[in-house]
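Each of the next two complexes has chain A plus one more chain, namely chain B in the first and chain C in the second.
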Partner chain A sequence: MKAPKGVSLWRDGMRRLFHRRLAVVCLGIIVIYFLLVAFIYVVELFNWRIGPTLWAEPTGPSYQPPGSENIFGTDIFGLSVLRKTLYGAKISITVALFASIISIAIGVPLGAIAGYFRGIVDDVIVWLYSTLSSIPYILLILAFAVVLRDKTIAGQKLTGITSVYLAIGLTGWVGICRLIRGEVIKHKEHEYVLAAKSYGCTNKRIIFRHLLPNVFHIVIIVFSLRFVSFIHAEIILSFLGLGEADRPSWGAMINDARIELARGVWWQMVAATVAVFFISLALNIFGDALRDSLDPKLKVQ
Partner chain B sequence: MTAYIIRRLLYTIPIVFGVLLLTFVLFTLVGGDISMEIAGKNATPETIAEIREEYGFNKPLFFSWDSQFIRHFKSALTFDFGRALDREPVIDKIKRGVGPSLALTVPMFFGIVIIAVSLSLLVAFLRGTVWDVVALVLCVAGMSIPYLSFILFGQYFFAYKWGLFPVFFSPDLSIPQYVALPILIGIVTGLGSNLRFYRTVMLDEMRADYVRTAFAKGLDARRVLFKHVLKNAMIPILTQVVLAIPFLFLGSLLLERFFGIPGLGYLMVEAIGSRDYRVINAMTYISAVLFVIFNLITDICYALVDPRVSFD
Partner chain C sequence: MSDNGTLLSVENLSTHFFTQQGVVRAVQDVSFSVKSGRTFALVGESGCGKSVTALSLMRLVPYPPGKIVSGKITFEGRNLLGLSERRMRAIRGNRIAMIFQEPMTSLNPVFTVGNQIVEAIRLHQHKSRSRAWDLAEQMLHEVRIPDPAHRISEYPHQMSGGMRQRVMIAMAVSCKPALLICDEPTTALDVTIQAQILDLLAELQKQNQMSILLITHDLGIVAERADDVAVMYASKIAELADCRSLFLQPLHPYTQGLLKSVPQLGFTGKRLNTISGIVPEPLHFPSGCKFHPRCPIGCNDKRCQTIEPELRRVKDGRAVACWYAPGYERSDDIKV
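Presenting the complex of A and B:
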């Protein structure tokens, strides 16, 4: 008699996820945004002269309303708002991606180590994130961004978006660290950890080969939801003049619109808002669906 | 109990120490000597030397009785943050900004909480119906629109185009006049995420056994919602509210910036523009201290109210 084939957590979760039509549509939207960004990177790498990378070339008179020539109209310099919006995706998503990578790289190992070893190591790490979380999030990001901007660290000058994603990434790891720590504390008591110990596995191996793969779905759920707040943080930083200055970004476009709206020029504002709206909506719905499929009991703030 | 409170009080010391350490690292170690920037372009060496003396940039970083490290701690613990770039003491600026900020954030916050909690009860009551789905979709859609867009469009339509509210702050306006529209925009913006949060809280309660019992003994839905569910849901709601109070003192960065309200958010935006580290440092420290204090109060209240909290 053959033993019934087991279904892994991932396969089961993915099956449930793909049964939700809305989640699949949202995943499609997210993929489109990422493909667009990848496309812009490739075009810039080979210096092809097509599409959104030509944003710096005027396509009409100043403040041309949306029409057949320019779908989303033009800005004060006659630049196509459509091209600027598409190019803005690159800045926003790059920032959010790097910020996520930095916060995962800090938060996940720290959380796992704190939860696994407990004792003094745990105390120090908990102290570290309690300190960070006692400062209001937006103030913390701003403090980091202001200080890091235009600083030279290790021979590298932090200009434009580098200081932005460093600021967001260095402050954004608290939530994931706390969640991973809690999960590891729970998982540590399971038999598979005991089994690994009895084989003589080193602590490093138990943490990285046994415990982390079992809690890693949390990282994915949390970051599909946190990605939105990173994108919105980038907009606020750009708006406050702490972001990318030379290339178009959604925050800078909204900042331009502050003066333009009074003149009845609404299209730049609407284009940027719509661009942010769709990626945020897709990520919010997809993240929720992902959580419901993989770990319905998880509480993400 | 007394032992618990004392232990809990002692626990705040490392947190405040950590915040001071962090601000020291950020604004002194990484920020560095900014006397040239403060003095401006055509400054004489004497002016720069004076500024270096006043800000303590000429002192050693650590190992000395008048080191910058000790100075940083001393200034924070005595709430004397020195003078801002325009030579006004930082603490005076902050004291002046608290009033307008609170006038904006307190009504906004309580407006959001009251509307969101009442709506969440309604949505929890209608769970599983079309209205629940509609409310949820609206919440997620509202959360996906950038804060800035809400403010810009709100200001443009309600104040500029239709003239229902003043566009900017001016000293001759009364407080309700200039905070009305920002409060309205703030409530609309914050409603999405809050309603979703409280809906989850309510639904978690609705699944509890005592709700089934209440229904089983024949109580109508209204009674169950208001007498049973709401009372039990008050614990997470109150935690959320108390922990949000310290943030009210900060004002709203973006709303104050757009409507020119001279509160702490505006002060912060100005400080970012002119890279006034002392103002940012003071704001960071004060808000962290407030947060720690309110956290302490919440924990002690919990211990007093909830018999399940253990004192070990």
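Presenting the complex of A and C:
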């Protein structure tokens, strides 16, 4: 008789995830957005002149309504709204991706260290993130974005997009830090931590090899849920004129629409919001499904 | 020292916990020694300081709030309390290994058992990953896990409690330690598995010539497996003796009470003897001898109520901490 093959928590979670049809559809939508962004990067790399990268070329008269010539119509300069919307995905997703990476790189180690060592180290880190989170989020990002804008760091001038994701990433690590700290406090009481110490592991090894893999599903879940709020943050910054100035982004399009709407030009507004709507919804539903399938306590289906 | 076959000697070890309610003296003035190749049992009720003593030996008492405040732990000729953390890590798992009470939680759930044994091996031995993996498989074979080649890549949740405890043992003995500390190794297991695990430990002990420090509250296990015994009561050692004489002739009233309260086969009709009263709270130990409120001899004795007897050597290498133990008052040999 052969015992059934062992499955890791991950593989088991993934299997459960793929049993949910809605989650798979949402994953599909997310993948389409990411493929689009990858496509734009590749096209720009090789200087091919196709699709959304041609957003700067007029395709019709100013404010042409949606029709057979331009599916989403044109803006004031006669640029295709469809191309601008597609190109906007690149800015939003790039910013959200880098901001997530920065905030995870800061939040996860800090949270793990605070939770593991407690004492004065914990006090300092908790003080740091409490202070950060006591400042209203948008104001904080704005302050960071204004300060970082057009600064030169290590000989490199920060372009609009860099300062945006730095600003979002440097302020967005609080939530994940707090979650990881709590989970590490919970997990370090487990006997396997004592066992690891008893066979000679260093603290560093215990934190990063033993504890983090046990709490890492939280990072993945938070990542997928925070991604949306980072996209929103980018849009808000662009809307307020602190984002990428020279290239189309969803926030800038919505900002344009403020004036246009009075003239009955609704298509730029609709195109940008629909694009945001689908990625936000997909990420939210997918994040929830991910949480349900990665949490071993919710194994009932 | 390590001549006359002593592997580990503990002298006047005290470990305290500094809590908000006050100082908890979890281990006070504990002295004993473990001879190489032998089994030393530490017996006592819950909360008497057995586990903290074991953690102190490994220097794993959680700090804060716990701290080893005084004492000397000599292991293979070195004072463990004077070593740097780095040196101490080289000893943990390598020369002194430990297995725990709860096999269900002492393995990391996200790694396969093979991964964890390999980690323990590679922390102390320069071995390639594949060599270490082979050794891990061999260890699993040695601890009698069926089909080790297959079991090695399983996760802890796929194994039963007894199997996990075997994995823990495989991990602990993979570096051939000189001393294995077993903190209630069989408490969480069924009686049949208990016997198997204890047999396995005895066999590995013989094979590797290691000493075992067995922490338990089960006098049956002590009688069967231990060579020397220390009975702990309220953070201190009450009596220290070789196993045979302790069971034949217990000197301390607490030990006598313990032995009387063990149910015996064919013992019917009468109520089981108990020791009256409860274990004192570590924050409010009674004055004098800590056992006096529950002691049939000492409860009305002025001396027992006021002066605490220290552990004194009485005869045949036995030691006891009781004013009324035979030969105690004549003994000038305070030091054990």
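Criterion: the second predicted complex is superposed on the first by the 288 of 301 C-alpha atoms of A that agree within 3 Å, B and C clash if a C-alpha of one lies under 4 Å from a C-alpha of the other, contacts with A are read in each partner's own complex, and residues count from 1 in each chain.
Here is the rule we go by: a residue touches a chain if its C-beta (ideal position, glycine included) is under 8 Å from a C-beta of that chain, and two chains touch if they have at least 3 such contacts.
The structure displayed is predicted, hence computed values, not measured ones.
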| said: Using the superposition on chain A, tell me whether chain B and chain C clash or fit. | reply: fit
| With the two structures laid over each other on chain A, which partner does A:Lys197 touch: chain B (first), chain C (second), both, or neither? | second
| Taking C-alpha centres, what angle do chain B and chain C open up at chain A, rounded to the nearest 10 degrees? | 90
| request: Name the contact category of A:Gly119: first (chain B only), second (chain C only), both, or neither. | output: second
| task | Considering only touches as defined above, state whether A:His210 meets chain B (first), chain C (second), both or neither. | result | second
| said: Quick check for you: in the superposed arrangement, does A:Ala233 touch first (chain B), second (chain C), both or neither? | reply: neither
| message | Between chain C and chain B, which one touches more residues of chain A when both complexes sit on the common chain A? | response | B
| query | Does chain B (first) or chain C (second) touch A:Asn284, or do both, or does neither? | reply | first
| query | Once the shared chain is lined up, is A:Ile141 touching chain B (first), chain C (second), both, or neither of them? | reply | neither
| remark: Overlay on A puts the nearest Cα atoms of chain B and chain C apart, in Å, by 8
| Shared contact residues on chain A for chain B and chain C? | none
| note | Note: in the complex, chain C contacts chain A through residues 58, 60, 64, 89-94, 97-98, 100-102, 105-112, 119-120, 123-124, 150, 153-155, 158, 168, 171-172
| In the complex, chain A residues that touch chain C | 3, 6-9, 119, 190-192, 194-202, 209-210, 213-214
| field | chain A residues touching chain B - in the complex, by the definition given at the top | value | 127-128, 130-132, 134-136, 138-140, 142-144, 146-148, 151, 153, 228, 232, 235-236, 239-242, 250-251, 254, 257-258, 261-262, 269, 272-273, 276-278, 280-281, 284-285, 288
| request: Using the touch definition up top, name the residues of chain B that touch chain A in the complex. | output: 14-15, 18-19, 21-23, 26-27, 30-32, 140-141, 143-149, 152-153, 156, 160, 246-247, 250, 253-254, 258, 268-269, 272-273, 275, 277, 280-281, 283-284, 287-288, 291-292, 295
